[in-house]
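Next, two complexes with chain A in common: one pairs it with chain B, the other with chain C.
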Partner chain A sequence: MTNIITTLQTYFAYPFVRYAFIVGILIALCSSLLGVTLVLKRFSFIGDGLSHVAFGAMCVATVLKLSDNMLLILPVTIFCAVLLLCQGQRAKIKGDAAIAMLSVGSLAVGYLIMNMFSGSANLAGDVCSTLFGSTSILTLTQQEVILCAVLSLLVVAIFVLFYNKIFAVTFDEDFARATGVNAGAYNLLIAVTIAVIIVLAMNLVGSLLISALVVFPALSAMRVFKSFRSVTICAAVLSVTCAALGILISVVAGTPVGSTVVVADMAAFAVFTFVGRLSGGVAK
Partner chain B sequence: MAQLTAQNLSLGYDGSVVLRGLNFTVNEGDYLCIVGENGSGKSTLVKTLLGLQPPEGGTITTGDGLRQREIGYLPQQTSVQRDFPASVMEIVLSGCLNRCGHRAFYNKAEKETALANLNRMGAVHLKNRCYRELSGGQQQRVLLARALCSAQKMLLLDEPVSGLDPKATAELYEVIESLNKNHGITILMISHDIASALHKASHVLHVGEKMFFGTLEEYMKSEIGKMFSAEGDSQ
Partner chain C sequence: MKMRILACCIAALLLCGCAKGQSSSRETVVLSPSAAQSQSEDDIDVDLVGVNSNMIYAQVYEMMTRPEDYLGKTVRIEGEFKVYANEELNKSNYVVLIADALACCQQGMEFIWKGEHKFPDDYPEPNSTVQVTGTYQSYEENGGTYYYLETDGILEVKSAFSSAILKASFCCCVRGGWPLGCLPARSSFLFV
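Let's turn to the complex of A and B:
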């Protein structure tokens, strides 16, 4: 035990480990907040779809040798999020099909472009690390950490201020609209926020595993809790705990950060399912 | 002046008209039952009345102190709601959202309104329960309380008893009748359950290939009414 603490102390002496820890926790918090809404709106896979879009955009940005990749990634991802979430019933290609198309499409195009134009010697390694986020979280600069903190604060503030509206739009969009609530605007807000979170989260778990951060805490909380508020709070606490645990374990055991966090989330889901069964939390 | 007037109304989606030439008026305290075959455009009528989609032609005017946003709506249940983790109070409060404006949270008055409306529905004891664990009839009462939070004068009920057992159906009809009789709330109700729905109504709007609008007595004497209510009885 003392051994582990010493190891952690050694590692936390390095700023990049501290940065990774801070960013990881912030992202876990943000993604779990909106995760509840997305799961309930039957948009669980939007995290996956949008992160692949972000991957595609990043490949293009890398090939174009942009000074700041974010300049391309963020707008493209936001555009796709709006496209997916705000079409609603009117869309010609609906929900899951649209996400699947965008997701695999941008993955393929991204990899193709990287393969054709990238001058990097270790192409497979580059692609692998963007998909699984194995190294990028450990190479964060101080500016990136500050940017991430500011955006996370913004996301949390938006969520708290619009909490009741987000609830109304998620539970019953038609009713909200009929009573004069501008549901379209709130859907747009949710879409933009989720796009920002996903672009941020690519650093932590990479684009293949983002769905886990969005989906697992929300689903775990829903096993046990019965009101929207308690589910949201539980999801946030759980997500932060799992991210912290996952990062600590990965530091000590030398495992990949992203996958370790996701495995921690999966373990929590198993525990919560069990507790839910015991307490009869999920009505059959 | 009537609360709601539809003049030469045409309904449809994206330029294709489902119903045309619809005329009817609703006065305060009326109980209008809207009937018609499947696919006759009832749901489109609901969406248009609520202002969720524009009419393809004609006009809907509200008057007598009623605005379009003040029509309380009881929608059909969606698959999303069946496993939604929310407490009854959270749902009923969401009916007060249109009073909040830019305010982020509900105030005390709104919480009291929500409780009062739950009380009117005889469901105040459910306020901390989880919505998805309630029976179908209880869920409809909760959603009615939510509708009452958003509107005081008129309720639009879309197939309120579908999926309910006979006892819950009868109870819900009683609740609706009491809102109409004792609280003077105008009721517009879409219904499949013709026979029992018609007993309570004061007016009938029949939509489809043949249209009818008039009082219940007139409807029962009319050709179309005889045909349709006979069908309802034989089911």
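Let's turn to the complex of A and C:
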């Protein structure tokens, strides 16, 4: 145990480890907050779809040699999020089908473009790191950390300020509309916020594992708690704890960061399922 | 046949157990006497030996993206020795490479061995594990800036533990047929 603490103290002397820890916790917090809404709206897989869109945009930005990939990734991801979440009943291709089309299409096009045009010396490493988030969280610059922090605080502020409206739109959109809530605008806000979170979360867990950050904390909390507020608070605490634990374990043991965080989330889900069965899920 | 297989596996496990006691011994072959003189750990500013692959990847990445913080510093690194031929410039680049388990997220550091040395006579075998200590420097080539370690010598690292396992597995395979886990193709993974 002393060895582990000493090792952690040594590793935390590196600035990139501190940056990874700060950003990882902020991303986990934001994704868990919106994760509850997505799970309840039956849009659990949208994280996966949007992350693949972000991957495709990242590939195009890399090939175009943009100074900052975010200039392309963020607008494209936001556009697709709005397309998927705000169409509602008017969409000719709905829900899971639309997500699947955008998701696999972006992944395929992105990988094809990278193979045909990229000048990267380590294409496999770049793609692998983006898809699985093995080390990308450990290669953040100070500017990226500040950007992540600002966007994360913005997401938390939006969630806190519009909590009641988000709650209403999540559970019964028609009733919310009937009571004068501008459901369309709040759906748009949720879509934009999710897109921002997805782009940030790619740094932590990679494109393929983002759904875990969104889904697992919410589902784990729902095993034990029943009210929206308690599920949200529990999901946030759980997500932050698992992310912190996952990052610490991966730093000490040398395991891929993204996968370790997801395994920590899975372990928490197993524990909460067990606790939920024992307690009958009555905690509010 | 089943008893023979079982006996071989037990023998291999027992030999593993014996070899485990020797796991701390790593044989190093010094390819330059002066390299041994500069191995004092106090002289090393950035030590990447004994650090996991995540940290090595991140540290080397930072050295590449923020070189001004590291130029002139003494760096020690251990990994796989690779040679990349540059036919355009008629030269070879010598690199220490560190990869994760999937060998996709890998990071490397070029090194230049001071003095007159010929490949392959003076250098270790490619893909062998080497340890290099040197000063972080830069050079310009073809309009680009490249970073490398300027070193006095190379240490080739051989693990006694992995050698014992290979011998045990090979013995089993020769005497008892091909029990599971004794196939020669898998022994290459033991040289880690």
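Heads up, the rule we're going with is that the second predicted complex is superposed on the first by the 281 of 284 C-alpha atoms of A that agree within 3 Å, B and C clash if a C-alpha of one lies under 4 Å from a C-alpha of the other, contacts with A are read in each partner's own complex, and residues count from 1 in each chain.
The rule we apply is simple: a contact is a pair of C-beta atoms (placed from the backbone, for glycine too) under 8 Å apart; a residue touches a chain by one contact, two chains touch by 3 or more.
Bear in mind the structure is a predicted one, so any value in this text is a computation, not a measurement.
> When the two structures are laid over each other on chain A, do chain B and chain C clash or fit?
fit
> Would you sort A:222 into first (chain B), second (chain C), both or neither based on which partner it touches?
first
> So in the superposed three-chain picture, is A:175 touching just chain B, just chain C, both, or none of them (first/second/both/neither)?
first
> Spot which of chain B and chain C makes contact with more residues of chain A, would you?
B
> Which of the two partners, first being chain B and second being chain C, lies in contact with A:251: first, second, both, or neither?
A:251 sits against chain C, while chain B stays out of touch.
> Kindly classify A:231 by the partners it touches after superposition: chain B alone (first), chain C alone (second), both, or neither?
After superposing on A, A:231 lies in contact with chain B but is clear of chain C.
> Which partner does A:141 contact after superposing on A: first (chain B), second (chain C), both, neither?
So A:141 only meets chain C here.
> Roughly how many degrees, to the nearest 10, is the angle at chain A when you join its Cα centre to the Cα centres of chain B and chain C?
160
> Name the contact category of A:162: first (chain B only), second (chain C only), both, or neither.
It touches chain B, and chain C stays clear.
> Regarding the shared-chain residue A:40, is it in contact with chain B (first), chain C (second), both, or neither?
first
> So after superposition, what is the minimum Cα distance from chain B to chain C, given in Å?
40
> From the superposed pair, tell me which chain A residues show up as contacts to chain B and also as contacts to chain C.
The answer is that chain A has no such residue.
> Can you list the residues on chain B that touch chain A in the complex?
Touch list, chain B to chain A: 47, 50-52, 69, 71, 73, 75, 78, 80-81, 84-87, 90-91, 93-95, 97-98, 100, 104-106, 130, 132-133, 146-147, 150-151.
> Show which residues of chain A lie in contact with chain C when the two form their complex.
Contact set of chain A toward chain C: 11, 14, 16-17, 122, 124-125, 127-129, 134-135, 138-139, 141, 250-257.
> Mind listing the chain A positions that touch chain B in their complex?
40-42, 160-165, 167-168, 170-172, 174-181, 222, 225-229, 231, 283
> Quick one: which bits of chain C touch chain A in the complex? Just the residue numbers, please.
Per the touch definition, chain C meets chain A at residues 52-55, 57-59, 61-62, 65, 100, 102, 104-106.
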